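Shared chain: subunit A. Partners: subunit B in the first complex, subunit C in the second.
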Partner chain A sequence: MARKWLLLFVLGVIAVLMAAPLVLTVFTSLKPTTELVNPAWYPPQELTFDHYVRVWTDGGFSGYFVNTLIISVVDAIVMILIASLAAYAMVFMEFRGKMLLQLLFVLGLMIPVTAVVLPLFQIVRSLGLLNSHLGVIFADLALAVSVFVFMFTSYFAGVPKALHEAARIDGATEFQIYRRVVMPIATPAVVTTALLEFLWSWNDLLLRLLLMTRDEMRTLSVGLLNFQGTMTRDVTGLSSGTAIMAIPVVLLFLVFQRSFVRGMTAGAVK
Partner chain B sequence: MRLDPNSKLAQRLNPVLFLFPALSIYIVFALYPTVSVIEYSFTDWDGISPKRNYIGLENYRKMFSDKIFWEAFRNTFVWSGVILVINVGLGLVIAAMLARVWKARLLIQTCIVLPVVISPMAVATIWRWMYQPKGVINQVLDGVGLDALTRPWLGDPSVVLYALAFAHSWSTIGLSVIIFLAGLQAVDEDLYEASKVDGATPLQQFRYVTMTALRPVTAVVFILTLTQSFKVFDIVWTTTQGGPIRFSEILSTYMYKRGALENDYGYGSAIGVALLVIVSFATIIYLQIQNRKDQ
Partner chain C sequence: MAGLELKNLSKAYGQTEVLHDINLSIADGEFIVFVGPSGCGKSTLLRMIAGLEEITGGELTIGGTRANALSPKQRDIAMVFQSYALYPQMTVAENMGFSLSLERKSKAEIAEKVQEAADALQLGPYLDRKPGQLSGGQRQRVAIGRAIVRKPKVFLLDEPLSNLDAALRSETRVEISELHQRVETTMIYVTYDQVEAMTMADRIVVLNGGYIEQVGSPMDLYNNPASEFVAGFIGSPKMNFITGPHAQVVDAATMGVRPEHFDIGPADDAWSGKVTLVERLGHDTVLYVNVAGAGSLTVNLSGQHDQRVGDTVHLKPRPEFIHKFDQNGRPLSV
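So, the complex of A and B:
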């Protein structure tokens, strides 16, 4: 019995230490500047949202937020479409070169974004897509699509072939079968894809740093980096900026924890 | 016009239509850059001028005799080593403890996994603030009488790499814990009962039952952590940019400096290829293990 409590105590300490950096950041973001002389672990005596307002308006975070949201939402929706369509073809259709295609997508699991950013920049520039949402979206999709094609493939493989055959005999087109029969069964894969792609897109820095050079196109990650560069000593501003960036994904995580955990385990290779 | 879904034409056309969106984006924005990075690595291109000359293996020769490249190479391995010890070692211990607890389990798990969804940029901002000379870490050390240990964590050449690796581990260990937990659920409960009857201590149970049963999962977490730590760019770039001097320079930051900032595109690409080779190799091993596990 005592051993159980000891275990719980140790885990409790670990949990508190893991949560501390986030909690302290939120504390700081809510403190009036006069309270900054206190140690960081003092909770704010008086709550103020001034720093959030300041960063949101003067700091330009409202614009960064909108840019990030647009890119992440489009990324997630388009990813569901293209990955599921491709996976459908891989599972339910017969065509030549299927093995080769599979191999090609496996290759995508191995390409680290970091290693290919230099030529990627050249391609996006030569297509005239620098400083556009579209350029970043294409790059995001391309570099993660493999993960989700395999995620959908493993889901579709579990759909009874007889179901597909029956629909075919009834005269349904492949697209009708995809939309009405197969996709409704694959809802968990759809949710996981949406969450994971949204998260990756929301959090990425490198691609956005390289492909978005104009301030009005910037996303939260680049905005925060810039803010950190110019306002190094603005501790309250930095912590509220960090919180603004973290709050949406933290909320998503808390609501969809199970799907997230499942997805992160499956998509961990990225 | 409506095409008969069973016609020969439809059966040929359908795969093309279904695959086109994913495949076209994938080829243009992922495969083509990968081929290009290899091609650029054989040139002296500066990234801007229309002219580029093929110079064979010159960039690679330069790379192998570049002292800074080897420093970055060494740093990348030290960096990965620290992260491996924390994420695999501590991750396994935390998961094993968590699996034995029912009260407050979800709350504890949430605290541990939550940092995984925080963006590396936000992680960098948080830890940069905590590592400041007058930051939280030093305040705490002062408070408990360990003021001898206080230092400017990101400014001290001897600890900066470890300090950043620790921050990265904070934000990624949750993933290892989840994967270990999933593995632990598959461990036969009878094994624990049997070992208890045989008089095994909890430590022996951990050593002989848990660790043996989890060997394949441990391999997965190991390789996964390794590949992920090799790819890291954000957290180092946004805190120290590889500094002070070059004490936290890793391959990705060095590549970015040479390729994107100093316009030494060909050379930067060669470093990119080195990164590509290392990560691909590790990923192949990972996929192999995963495959064997599924069968």
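So, the complex of A and C:
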């Protein structure tokens, strides 16, 4: 019993530490400017959504939101396709150079983003894709594909080989087996990939700062910088902008929590 | 329906050859069982016929057509897997109709054929269930249904009963035999269980260490085993092998006597031994008898007998059923 209470206490402390920044941000975003003199952890006495309206309209967040949404959704969908197809080939097919390809993917896991950011910028520029959604999407996919191939490979390795063989006997092509037999039972891996890639894409600052310099192409994370000058800081703008940015991600995690956890643990418990 | 020809078939993984020079003719509509101990190559041979393993050497023809390079689909075979290999996200009906849907058959035709197969296998009430909601026996029937719905040229069954309990095994064994009589399609069945082989097969192929030891009807293998290995593998309880002075009396390196071919009689001219264990099966009584110079012998007596552990019994092998083998385990003429 004492152990249970201790566990609850520890988990409670961790939960408070994790939730505190988000709660303080929401408090600040809903306070009238006059209440900003109060300590940050004071709940708002009077609720106002003025800062949200200001950030959404004058702050350009409506456009940034659409840009971010397009890039993140396309990133997530294309990543699921590329990573699952590559992992399918790795697990279920035999071909020349398979080992080499696997090594390349492992290499991709080990190289930090910051190390390749300049060559990546040059490649995107040489392709004429600076300040375009496509340029950022290419870069995002290239940098994260190794992680998701690895995740799908772990998941597919748990799919009985006999299923693949049964489908071959039934007359299915490799693509039919992928689409009708393997992918329908890989839902946890698909959800996890979608959520993680969406989240990484949604929150990324470095690549967007580098590859999207024109204001109309900016994303939310870059847009937040508008509220922070060298000497000044628009605290309410920053808070409501952060809240706008965080809400979709929190909602997605709440909805897909269960599948996400199953996908994350799939390789470990198979 | 089709017959098969296996000519000098071999399989190697790198430098290691696991199947050597397999020659076999399988007649159209025949029920052939590949039997042998674990690792003898029986499943590999079946998978080579299915097109799931590449053929390293030799030639395979199905229905007169060379099939070495054909895909599993082009070979027009169906296979039942040991693990059932049902698609977990599909219902029973979808599992059974999957191959037909790939052939772009109409929904009505698929439903009709699935219903026909389901009726034959008493699966009608389960068509809307997922495999996870079925018992082991029902899953096995779905796996068989998935195979028969296509009406293939050849059925391949890879240890299909090994995941079932004893009662269900014998029940499903009978169902598969009846199915074969009904569909009259060539069936190749792999098992390590000689009882399954003996009860189901038209002909049995005994494999050992990647070689075919013997091909023949169940009674042929039982009465005239081509090697000591086959003699020991076919028959339950297994044949007694006796070396030493008792074998020398009949001019053999090894003498083989099936447990049911002993008589118990008077002490004169018989092998005397002590009973170490008694198994009473009702229809049979199995004695384990320790005989000097012959070791522990298994004796299967028909009916119920009252021997007890510690009793001395006098065994006499029936001369007409004695099998004689040379040093290499090959039979000597009786």
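To be clear about the criterion, the second predicted complex is superposed on the first by the 236 of 270 C-alpha atoms of A that agree within 3 Å, B and C clash if a C-alpha of one lies under 4 Å from a C-alpha of the other, contacts with A are read in each partner's own complex, and residues count from 1 in each chain.
To be clear about the criterion, contacts are C-beta pairs under 8 Å (C-beta built on N, C-alpha and C of every residue); 3 or more make two chains touch, one makes a residue touch a chain.
Everything numeric in this text was worked out from a predicted model, so none of it was measured.
By the touch criterion defined above, A:190 reaches neither subunit B nor subunit C. By the touch criterion defined above, A:108 reaches subunit B but does not reach subunit C. With both structures placed on the common chain, the touch criterion links A:228 to subunit B but leaves subunit C unconnected.
Looking at the shared chain after the overlay, A:170 reaches subunit C, while subunit B stays out of its contact range.
When both complexes are overlaid on chain A, the residue A:181 reaches subunit C alone and has no touch with subunit B. Touched residues of subunit A, counted separately for subunit B and subunit C, are more numerous for B. When the shared chain is aligned, no partner comes close enough to touch A:55: not subunit B, not subunit C. Of the two partner chains placed by the overlay, only subunit B lies in contact with A:95; subunit C stays clear of it. In the superposed model, A:76 lies in contact with neither subunit B nor subunit C. In the superposition on chain A, A:15 contacts subunit B only, with no contact to subunit C. In the three-chain superposition model, subunit A touches both subunit B and subunit C at residues 168, 171-172.
Looking at the complex, you find that subunit A touches subunit C at residues 160, 162-163, 165-172, 176, 180-181, 184-185. Those residues of subunit C that touch subunit A in the shared complex are 50-52, 71-73, 77-79, 81-83, 85-89, 98-99, 102-103, 146, 150. Taken together, the subunit B residues at the contact with subunit A in this complex read 3, 5-6, 10-12, 14-15, 18-19, 21-23, 25-26, 28-34, 36-37, 40, 47, 94, 97-98, 100-101, 103-104, 107-108, 110-122, 125-130, 135-136, 139-140, 143, 170, 174-175, 178-179, 182, 202, 224, 227-228, 230-234, 237-238, 252, 255-256, 259-260, 265, 268-269, 272-273, 275-276, 279-280, 283-284, 286-287. Residues 3-4, 7-8, 10-12, 14-16, 18-19, 21-22, 24-25, 28, 39-41, 81-83, 85-86, 88-89, 93-95, 101, 104-124, 138-139, 141-143, 145-146, 149, 168, 171-174, 178, 199, 202-206, 210, 220-221, 224-225, 228, 235, 238-239, 241-242, 245-246, 249-250, 252-254, 257, 260-261, 264-265, 268-269 of subunit A are the ones touching subunit B in the complex.
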